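Read through the structure below, which is laid out as structure tokens, and then see the notes.
Labels run A, B, C and D following the written order; every chain starts at residue 1.
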Amino acid sequence: MLTTNPFDDDKLREECGIFGASGVDGAAALVALGLHALQHRGQEAAGITSFDGDHFHTHRAMGLVGETFSQQNEEAIRALPGSVACGHVRYATTGETALRNVQPLFAELSEGGFAIAHNGNISNALRLRQELVRTGSIFQSTSDTETIIHLTARSNYDQLLYKFIDALKRVEGAYSLVCVTREGMIACRDPLGIRPLVLGRRGDAVIVASETVALDVAGAEFIREIEPGELIVVKGTEIESHRPFPPRAPRPCIFEYVYFSRPDSRAVSAGRSVYAVRKAIGAQLAMEAPVEADIVIPVPDSGTPAAIGYAQESGIPFELGIIRSHYMGRTFIQPTDEIRHEGVRLKHNANRDIVAGKRIVLIDDSIVRGTTSHKIVQMMRDAGATEVHMRIASPPTKNPCFYGVDTPEKAKLLAANKSLEQMTDHIKADSLAFISMDGLYKALGEAARGEEPSHCDACFSGEYPTTLTDQRDRETADQLALLEETEAAE
Amino acid sequence: MLTTNPFDDDKLREECGIFGASGVDGAAALVALGLHALQHRGQEAAGITSFDGDHFHTHRAMGLVGETFSQQNEEAIRALPGSVACGHVRYATTGETALRNVQPLFAELSEGGFAIAHNGNISNALRLRQELVRTGSIFQSTSDTETIIHLTARSNYDQLLYKFIDALKRVEGAYSLVCVTREGMIACRDPLGIRPLVLGRRGDAVIVASETVALDVAGAEFIREIEPGELIVVKGTEIESHRPFPPRAPRPCIFEYVYFSRPDSRAVSAGRSVYAVRKAIGAQLAMEAPVEADIVIPVPDSGTPAAIGYAQESGIPFELGIIRSHYMGRTFIQPTDEIRHEGVRLKHNANRDIVAGKRIVLIDDSIVRGTTSHKIVQMMRDAGATEVHMRIASPPTKNPCFYGVDTPEKAKLLAANKSLEQMTDHIKADSLAFISMDGLYKALGEAARGEEPSHCDACFSGEYPTTLTDQRDRETADQLALLEETEAAE
Amino acid sequence: MLTTNPFDDDKLREECGIFGASGVDGAAALVALGLHALQHRGQEAAGITSFDGDHFHTHRAMGLVGETFSQQNEEAIRALPGSVACGHVRYATTGETALRNVQPLFAELSEGGFAIAHNGNISNALRLRQELVRTGSIFQSTSDTETIIHLTARSNYDQLLYKFIDALKRVEGAYSLVCVTREGMIACRDPLGIRPLVLGRRGDAVIVASETVALDVAGAEFIREIEPGELIVVKGTEIESHRPFPPRAPRPCIFEYVYFSRPDSRAVSAGRSVYAVRKAIGAQLAMEAPVEADIVIPVPDSGTPAAIGYAQESGIPFELGIIRSHYMGRTFIQPTDEIRHEGVRLKHNANRDIVAGKRIVLIDDSIVRGTTSHKIVQMMRDAGATEVHMRIASPPTKNPCFYGVDTPEKAKLLAANKSLEQMTDHIKADSLAFISMDGLYKALGEAARGEEPSHCDACFSGEYPTTLTDQRDRETADQLALLEETEAAE
Amino acid sequence: MLTTNPFDDDKLREECGIFGASGVDGAAALVALGLHALQHRGQEAAGITSFDGDHFHTHRAMGLVGETFSQQNEEAIRALPGSVACGHVRYATTGETALRNVQPLFAELSEGGFAIAHNGNISNALRLRQELVRTGSIFQSTSDTETIIHLTARSNYDQLLYKFIDALKRVEGAYSLVCVTREGMIACRDPLGIRPLVLGRRGDAVIVASETVALDVAGAEFIREIEPGELIVVKGTEIESHRPFPPRAPRPCIFEYVYFSRPDSRAVSAGRSVYAVRKAIGAQLAMEAPVEADIVIPVPDSGTPAAIGYAQESGIPFELGIIRSHYMGRTFIQPTDEIRHEGVRLKHNANRDIVAGKRIVLIDDSIVRGTTSHKIVQMMRDAGATEVHMRIASPPTKNPCFYGVDTPEKAKLLAANKSLEQMTDHIKADSLAFISMDGLYKALGEAARGEEPSHCDACFSGEYPTTLTDQRDRETADQLALLEETEAAE
């Protein structure tokens, strides 16, 4: 009920989920279970690579985990033998839906096969790629992840592990990685730990996953986080921990708690479930932005925990005033123009009986472009709501993410371009409020945000914790182009 | 969020949803929207037949509406021109998944094409079929619906409408039907009105649908029910009402309110939304079967409205203690035996942080075989619940349905074979209670059940409102077989 | 090398081939072999129905036998268990490519399943269909064959065999049939024996097939023809012969020898191979229409045996002056207009080295529309031929076939609309000659055609040996329409 | 009729055909036509890459050209815009049917896209690959062709053309190549010209193709061969010729004339058509190995021209005593064991009427394993032949080819392991004769073979014209393994 919202084009979208298992017969079946539990992190494609002691086996396909690795495709799992395997779910970025970008990526290196599954984004991938191609590397995909493979292949170290570490030292950005080699499984997390990665055990078997919910579904026990900057090498059921990078203060992504992670996952840094954090955000919001109303209504499913928190704190009854259909495919018929604008009801429909004649508080997790908010406020009014007060369980989203989240460019972010008053007007609500930045950190159990915040909140604050080489190159190129245009025009 | 539970093999399953549109260009696109809104009534197959004034066009396929009639298959809709169309969503019954059973069924009769979409079950279909085959009719499918077509084709009346009515007079059981002929659209409902059917208008266009939510999604206004025993003929935007059957007291299916209908549909006979009825059931249950506990947890999604009602009535906080994944395909990998039993978590996972150390009230809509209940109680205990009190939003399900609902045979219905105490023991709950029969009618706004109940509640009471010819024939055959066996043994 | 020309749109096309096997385990595998050998009689679709003593099994698909029943689809054969089976290959007629028209057709009659495979054409099918539909029969296909099934189902006789014979007595036209029922296999041939059907044995197993080549490939021995008007009932390995029709002088299709049958099939009525008949036609043609030339060139593959006969009789060397590609799919790319006219070379290409500077005799089996002949003559001239003399191994094709051959309407038959001189001019040959009608019968070993010819040669002579009810109805309707138009115009 | 034998597993198989077009709108459509004409050189997969001035477009698929680039897939061609394109047809080697091995291979180099289509075999590819992988290159396929791409990418030259030439200088073996780059088309042939490549013009457009028949079908005029060791660069319609290698005496493959090439292709070095060469071989064979017989029968299709030559020289009549089906798919049903051995008749069937009672000369192009010859001799005897004299249109095939032909290992070559007498016995013929080596060269118009033969005839003579590095490495490894075993055993 509360998994993140898969098909909403007005949401930020996590790009990937990863999962690995070592030391268990039929590891691929376990990976499939885990990926299913991480499906909310990417629905466009899924893949698994296993190693059976002799050969590597990979199956990757567009579509849901349950379609690709279902009973109908039972051979898909049988064709992935071995006691170690890693897997990946992903969104396809526009124009790049090609299967060759679906992970795990695989390459035959001089030390043998190397499979890699990546959650995050390498922010100097383009610059590295240009250099590699200039000196003779041939890329198979347009994925930033492939850069890591080529850097590994070209490293002068003489063992695969050191080549891989050598490669990681040259990349910047966000990465949680699970790899399978002839030696076993490698998992690691970038020095800031921007994207999550947790460690579990199922009996003796070693499991790594983007979220704890995947441990639950795979029948594994949560042990601890893979720590920011940590790299573990798993041989069978043995774990070896490395710290190849200079230590830095971690900055895990705060949006995982607001929206990306499943509510039944553990918010590790906050010491409780994501659901509890979201309820706390809702309660905090009720204190920061109270309103006199008859009922609290979530925009399902992502707004529901915050709405329960808001309702419990405010004493206003919680009601399901919007019913969501879960049968949405990615796209749907394009009926005649006349029929088209009804489209929004395909996913969300007002529960008129409950809404009619009421003053309502509407709780959503975030506002990105503002298009859905506008339609939902209107839907509530059409159903007879007398007042519609919108409350948002995150601060205004003003900046794009360069760490593996699919964000629209800044010009399309509502909060980057409008004042609160203008936004209220835009979505036609009676009132609109966002939780404060300090309020958000309070919900995580901290006193306030602090000078050196405990999380990456760049999408709200604009404070990016790493250099953004490719982005800087792009801006420089744009400025040069602008300069030339200006000069040409003179 | 609250649509019915599509893939649970421990639920009764509605077999079909139907939708028709007349008097609007591109009627098929509207039908596709409507069927999408009725997807919870059948996910295995979908079909649409349109008539363009000259030709009939049909597209039927296994899979979801949004897959069959999506943008990728935009031609599917373009290939269905015309201003009148009807459609159908269905479950496939075991062994009968063949496309030839997918509706609308279509036949070329002497008066021209005849398409029919059916929700319900003809309870003398087998006997009629035997007679028709003996005299030379050739069946294309194993569907009971085809019997109606052959009876129509073989009728001695000389107009299609009268032939069709002649056919209906020979069938018994439950049927809501939408047909398309060269003359227009016909919609009708059996004399007892067992299955639902509502009438709406979108501008001038005439819409019929299994539930009001389909009117909402198709942008149509709810006008009224098609009444039990009513048959309407729609030519363009004109509606003609017929009453071909002797009047009887209606008996609409009560389980529609408990489970089948979407919560945002209107419970027509009760004068409010299905959601409101379910909340009322929950509140009634709180009064009938109170318990001292810390939190109320729904089994999502179907238990959620009743849980909200229970929580509001009892004052115990409502919490999402179970998180449901909506990415389930129909089937999933069959991992090794060791991994298999984890399967239940693919769909439902405990929200441990909330559950641990709590006394919980667990609300579900019904218990059929009892297999899921057992697992979910266990899951709650594994997550640390100190007490688990199960409360069921319907009376015990003791009898199979012969009116279009896929029920297991009586021997597999938990409540048909065990006392309350035994059931409590079986699912390993600390306590178990079902709403009373009178309580259920109270939630519908009536004083009590009454001698001549206002609804069909045969699955609870065993009082079937029609003759069950095929079932009687089957029992006679079984008894004869038994007799012969006994005699042979002597 | 010499199988008939599958993809030439300028050829008459046999519509079907049939094959049945009884009294052998895995009968369906044998049927698949036989159908493969009959592939030249229909390449668009193939199907097999088997009966295993309890159930009927059918698999039908568009495409070649070797695709549908190949190793990749080994389950296709495994899914067709039983010791009796029948099969069919067919062309799809325009607009009717639908799978529901692919044979064997199957119906559940009151006596049990009934599968039927048909080669030929029922010439009063439309009139019978109208009557059947008017009285309540519902057709599943647009196939004339289905008429036979409905007549069988509606017959008042009380055994399936008599019902079937009763049905056959009502149909007119051409039919060779193989049926499978719960009782066994039935095979029969219309009273005139227009389409072929032969009987063979593979050990004890009984085989029936359209041509003897299918017996060869299935490892069976040729026994005899099923005789015109004969119906055999095969139970296991026992054969029972019936003669349900009044005796008539047979009229097997003469075009089988000219073009349809494989050259390695036995021309039963002529007492030798089809290849030998074609060679004799070529020799006769050399006597009737000699010409001074350097080489004899066949239009491959169908013209080859006659070309060898022509060369041997005339003493002019036989040479492969045209090379044919056998990789043609049904359709091919539509390149730009400039490129398109090269299309003919996709199938036939001149062997320039041989042709250049030569006077050539070009041998083809028939001229239908004349489009290919024109192109091939031009191709020969482009390759440097100094003279091109066309010789045709059949008399002018002036009339459509109503007995199961796909012929263009009369207005499109070149010989129906042009004199020999005009035809010569049209195809731009230096000379053109057809074998004489008597010459054709001579090649079959008869003295001349005779008053009551031994074969159906309606496509040449216009003498149809049966009533053509549907065709007469069509002409009457056209005349009435014309009359009305004329009257309206006055 | 006479195209090479596609599906015979008892034939040597050419591995590829290539085609390129430059300077014509819609170049890809022309390439599709050309590949269709080269289909006999490889039926398993086909691919085309085009360049439209901005982007490269590639479509590759398993299956026939006419399936992949047919009308049904018209978009396949439309999706390949541009005025320059190259294409490839290929056999898939066992275990390597993967799409990633289908050509053209494509890579993004630092100078932009680079597509390459290759006919031949690089005989030091493995050694080069090991070195490249060791220094960081990542291979996408198992194809030897990819080695050329990586060598190009890693070359220190600074222009793509020079990098490519630099790469070619490091490879040994046989290669005819067509490449497309941002600059235009490059075509070249190894220094010995082992595999063929011809140059044509269609108007101004420049065409290169494996055989002249592809020029015919694409409507182009034959200009000349690309000469051994020549590399041409084509920009639009301009041709620039380079000679990057030291000159050597050419050694084109002689088996092209015996079997691989289509009979309507020009045998460039012999100055006439392949058909004429094959007829001359047949005539020479009649002189070298005459026999008293009644008829000459080809094993169709590849034996047919030699049979015509044999018949004309000997005066014994040519007859089609074996009929071949062209509907064979790659594989076919595996019927029961009893049925299986009939399999050979699926492709070849005796024309009994012609064969019975005759002394026959059977002409085939070559004997590889001897399995088919054995079956066909038996088939002739079963059909009543009184004597069967086998005549083979090539010398005994005693050695594997390492230049792009799929040969069985030496141990499986009949002629490598048996004397003529043993072979005659093995195939159970009354007599057996092969053309002499000198006779073969005579048929090409030379006096005899000569010390430095004009063609590569290694499959007959064992004289390989190049170093075979990988083969030598393999043998060394085998010897070392043997040595170790021997030592271990002591």
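What we mean here is this: a contact is a pair of C-beta atoms (placed from the backbone, for glycine too) under 8 Å apart; a residue touches a chain by one contact, two chains touch by 3 or more.
It should be emphasised that the depicted structure is a prediction, and the values quoted were computed from it without experimental measurement.
Counting only chains that touch, the fewest steps needed to get from subunit A to subunit C is 2.
Rounded to a whole number, the gap between the C-alpha centres of subunit B and subunit D is 63 angstrom.
Measuring from the averaged C-alpha position of subunit C to that of subunit D gives a distance of 37 Å. Taking each chain's centre as the mean of its C-alpha atoms, subunit B lies 52 Å from subunit C. With touch defined as above, subunit C holds no residue shared between interfaces to two or more other chains.
Taken chain by chain, the contacts form a single closed ring in which each chain touches exactly two others.
Pairwise chain contacts present here: A-B, A-D, B-C, C-D [touch as defined]. Those residues of subunit C that touch subunit D in the shared complex are 1-3, 6, 25-26, 29-30, 32-33, 36-37, 39-40, 43, 64-67, 69-72, 74, 77, 213, 216-219, 262-264, 266, 272-273, 275-276, 300-301, 304-305, 308, 312, 317-320, 323-336, 339, 342, 345-346, 349-354.
Here subunit D touches subunit A in the complex through residues 107-110, 133-140, 149-150, 153-155, going by the rule given at the top.
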